[in-house]
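Both complexes shown next keep chain A, but they swap its partner, so chain B is in the first and chain C is in the second.
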Partner chain A sequence: MDSHTLAILNILLGTSMVSALALLGTTRLRTCARVLAGQGLAVGLLPALMSDEQFTIRIVVLMVGNIVLKAVVFPWLLLRVCRDVSVRRDPGAFIGTGAAVLVGVLCLGIAAWLGTMVGASLPSHPAGVYIVAFFLILTGLLLIIVRRRAVMQVMGYLTLENGIYLFGSCAVIGVPFLLEFGVLLDVFAAIFVMGAALRQIHAQFSSDDATKLSELSG
Partner chain B sequence: MSPLTLVLIGIGLFLLAGVLSWALRNHGALAQAAAGVGGVAGALIGLWGAGAALVTRATYDLQLPGSMPGSTLHLGLDSLSAFFLLPVFFGAGVATLYGVSYLKHDQAKRRIGRTWFFYFLLAASMGLVTIARDGLVFLIAWEVMALSPLFLVLFEHERPDSRRAAWIYMVASHLGAACLLVLFLLLSPDQASLDFSTYATSVDARTVSPTLLFALAVLGFGSKAGFVPLHVWLPEAHPAAPSHASALMSGVMIKMGIYGIVRVLALLGTPEESWGWALVAIGASSGILGVVFALAQHDLKRLLAYHSVENIGIITLGLGLGVVGWARGETELMVLGFAGGLLHVINHSLFKSLLFLGAGSVLHSTGTLELEKMGGLSKRMPVTAGTFLVGAAAIVGLPPLNGFISEFLIFMAGVAGVGTQSASVIVSAMVVVASLGLIGGLAGACFVKAHGTVFLGTARSDSAAEAHEVAVGMRFGMMVFAIACVLVGLGGCFVVPLLAAPLTVIVHQDAALILPPLLHAADSLGVALTVFAALFVVLLALFGVRSLLAKKQPAVEVETWGCGYPETTPRVQYTASSFAHPITRDLSSVLRTKESSVDLESLFPKRGHFHSHAPDFVLDLWLTPLFRRVARLAERVRVLQQGTVHLYVLYIALALVFMLMWLR
Partner chain C sequence: MSEVLTTLLPSLVSLALALGLALWMLGLLARTKARFAGRAGAPLMQRYRDVFKLLGKGAVYSRTTSAIFKASPIVALATTLVALSMVPLGEVEAAVHFDGDLFVVAGLLALGRFITMLAALDTGSPFEGMGASREAHFGALLEPVFLISLLALARLTGASSLTDMMQALHRMDAASTLPVVVPLVAALGVAYLVENSRMPVDDPTTHLELTMIHEVMILDHCGPDLAFIEYAAALKQWLFAALLVGVVLPIASVPVWASVAVGVAGIAVVTVAVGVVESSMARLRLLNVPGLILGAGAASVVAFLLTGMVH
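Entry: the complex of A and B
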């Protein structure tokens, strides 16, 4: 791996990491959707830099499809949902954004530990890759936990998926794209279901506050 | 074509018949035809395959293309599998013939499509269980086999007791399946591959104690086989299913539990002697308690279900002696014990299916299974009465029927055990002989009660008085089973040596070592059967003379002499309860029968009544309080369930981080 590729790789990794922290610290939903688009682009490009294999048409098509979905289609859908349900901000459910970023930094610590530990027994890549992958997974879960709006939780799932995608495409030698594509499609379907459900919930209760959804249980 | 291919075609035909009859559920007659043709064709082809594998004594292997994680889709057919496939295909085939006729009056209802679908799914999955050679394939087939009867039990789902039976069945069978999951994971040396071939070769490499594995197998497979105290689902589930399905469940499905134990014994290699003692103890308690509970029942199918528990006990007694013999190197004890247990598997599948079909015929024509409402049916249903009598005599172990030869083998194993030098072997052999004797006697009393109250005497209710013989298809099904009982019994000395093939698979020893005790037993059986056949001929001759003499005198029908009391009614007959009362009264400490009565007093008594009910004490006194306590404990964990998504995701996140840290 030459120094240029390494530099680009580090920039992309840094972008993914900062975008995740930005998601934790941002309350405006439309901004979040745009940040997520950037993250999708960065994560989508990363495997291309690390792959030792020839770029067959199949791999290129799968990768481009992935980037289009994550960087264009999903953010666009999310922006539309934001407009439809006319929700602008998500101030957080249990802790504020400042505290969320702090917990995020804590997650970065855990991710660094997990990444170096797990990465040791996996195909060697620049150590940062596994750390960022775990960081995205943990941040995704954290977003789901600390945010109130269902739209924001969908973004948490997407961040989680970005982490899984990054981890999978590094950890498995060969052609993991097809497998990852399957995971992606699952999330895609889940988002559609959630989107549809969200609209219904909003129409029924004139709120999509996930902390209030507990009344539906049981 | 290889026998394994034939068996697979048989299983495939079962599945096809099931799917077709479900697809045609709106056209009752067509669905029935699909079930009948597919079931019989599948059974014949499968029997051919299993028979061929038994005769050639070869092992057939098949690795299917494709894979699941950790699994190889490995199937195989050896003599042991082929042996257990015989009752699967024979039982399913004949019960199908009966069922087509049995369900005819339900033909217009859509539920028969569903019933046939799950019936064939059950039959096919039992076939798959016996030929699976991979833990995952086995568990999937096992789970399908455990779930499909649930829908058969729910045949009349509008009845609350059917739903209760289904619930009990489901809990029992899933507790068992949980043990099996652990068992198959622990059997594998490295948890990477679940293929049976890796299980067998890893005896020395295994870190887990074999006794733990054996205990898991007994718990997991025992809940399916119906060992006391895991038997509680049998008396609930069997009566609720349609009769041909209960025949398949009671006759064949519970034997899959025995197959599992035998297969695990074969995989584990030379056993510990204590396993044999455990099996003997389980067999004795299941056998004795099963028949004692059966004596106290008033419902014909419940009674038969308890007899299944009893017969599983007899099979386990045989297996227990076999294991003791294997562990001590006593070849005769080992061979005769295993041979008796295995042969009783086949025999029980024949006569228990026959008896359940008989009970189905009685239900079909009287509309009840309540023993106290029957009576005198032998005049109106001669074929049902005759075949039921054959089944009853066989289950009690009367010569020259099939039940006799397998119990005879176990008795011989017991005698061989008593003849050894070791005290522990002598004790377990004596336990076996004594409990077999007790079981036989009590079973005899129970079937005199069952056959007597149902078929003899006079009708105790209008429905019994208006009963009629069942349709040809049903009669045919019962007659096939009855003839099979007689043939296996009369041909006992030819059947016994055939058991050498499955035995070599279990104990991994040469057939030359196994055959001599079997041939010796076959010789003794030959003598016994000749004597009994001679007695039987004399009896027949006497009967002939009697009917010749009776022909000369005109038959006169008169009332039974009632001590001068002219107003006799059917109610002065012995009832099922009163017949069994002398025995059940002595056993009341075990049975805990609840009785309520208004006795007759003074010269002009008012109307009296007597009611007795024998609940299953294992269920009522042990399991129900246990589950209630577990539920109360579980109630405390409910704090964790708050209904907020955030909290659940937090649990997931914590679990993820914890697992990653722990599994590094």
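Entry: the complex of A and C
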């Protein structure tokens, strides 16, 4: 890997990482959706830099599909849900944004430790890729735990998915094209269903606050 | 002789430039802000006139103050001067450098802050006590951020002297150090703004004591004492700008005199950039300042953790 590729790779990895920390530190949902779009773009571009094969049709189609879905369609859907259920902010459920960022930094420490170990046994890619992949997975989980708005938890799920995709695209070599695309379709369907379900929940309970969704309603 | 010409002389010249141009840098900052506001702005040399005017005046001391109040401007200026002599200007060696001097720099800055707070409390004025309390609050939060940033740099370069750190950093591959340098610049940038009482944290031009941090602590100082404090503040701002320039500018393998010029130009760029930030941002609510410092802390820890990734 030459120096220019490494520079671009590092910029993309840095963007993904900063976007995850920004998600933890932001309460405004519309901003979060836009940050998530940036993260989707960065993560979507990464496989182009890491694949051994040059731009084959397979890679291009997968990349374009990923970027279109994660940087355009999902943020658009999320912004629409935010507008429809008219939630603007998510102050967090158990801990505030400041503490969430601190826990995020702790997660980065764990991810750095895990990523370095995995990187040592899979030296085909720089260790940074694994670190960021683990970091996105942990941040996604953290977002789902510490936020109260269901929209925000969907964003946590998407961050988690970004991490898994990043890890999968470099650790697992030679996954059939169909399988990768199938996963992407699954995520798409999941987000679609979540969007619809959110609207229903909102219509039923007039709130999507997860801390209030503790009783069954007939 | 040749060694004197290539290492000692440039460091002394860059230190002299810092002493001479620090007030000009403040003038440049004021000019940038004035231009953004559509005003012509004060002359670039206005700060020199202010300081010389103050030096020519006598000092008045309140009967409630003790020797601490009189000592504080001198100690503040002295600590900043010594700290400045240990900070390299980009690629140019600092006049004084030894292993571990980064801790000395952080300690001296803390000492300067401590004595200013003591002097503020010494006056017995409730306003100044309030300023000292805020300074202590933000200072306590910021010092770990500043130290972790410098330690990240030390871990990245394997050196523990600021001069060696900067020189080693400039010789590393810029592409591979990028993940460390970007959060580091963010953390040091916030440190610059907080330490120098700049806009998102403290409004240096406000006239309302209730909202001040630094200015309210020095309300009772006048004459030469105030001149010392103003000059020390200018030097401190130069020090932080020099640190930022050292981290950002990948200047290596240029003639040493050219790097002196590049360093000063870099400081001017940093100053104008701070002017732009100040003109385009409102001051944060005091309650939100710890959040900003916390973000900087996260950035510094990220930089520290990622140094392991670069190797």
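Points to keep in mind about this one:
Heads up, the rule we're going with is that the second predicted complex is superposed on the first by the 209 of 218 C-alpha atoms of A that agree within 3 Å, B and C clash if a C-alpha of one lies under 4 Å from a C-alpha of the other, contacts with A are read in each partner's own complex, and residues count from 1 in each chain.
Rule of thumb we're sticking to: a residue touches a chain if its C-beta (ideal position, glycine included) is under 8 Å from a C-beta of that chain, and two chains touch if they have at least 3 such contacts.
As the structure is a prediction and not an experimental result, all values here were calculated from the model.
Of the two partner chains, chain C is the only one that A:L6 touches; chain B does not reach it. Shared-chain residue A:S16: touches no atom of chain B or chain C. In the superposed model, A:L141 makes contact with chain B only, not with chain C. Using the contact criterion defined above for the overlaid structures, shared-chain residue A:S169 touches neither chain B nor chain C, since it reaches no partner. With both structures placed on the common chain, the touch criterion links A:T159 to neither chain B nor chain C. Against chain A, the residues of chain C that register as touching in their complex are 173-176, 178-179, 182-183, 290-291, 294-295, 297-298, 301-302, 305-306, 308-309. Chain contact summary for the complex, chain B toward chain A: residues 642-647, 649-650, 652-653, 656-657, 660-661, 664. Listed in rising order, the residues of chain A touching chain B in the complex are 93-94, 110, 114, 117-118, 137-138, 141-142, 144-146, 153, 210-211, 213-218.
Note for the complex: chain A touches chain C at residues 3-4, 6-7, 10-11, 13-14, 17-18, 21, 25, 97-98, 101-102, 104-105, 108-109, 112, 115-116, 126-128, 131.
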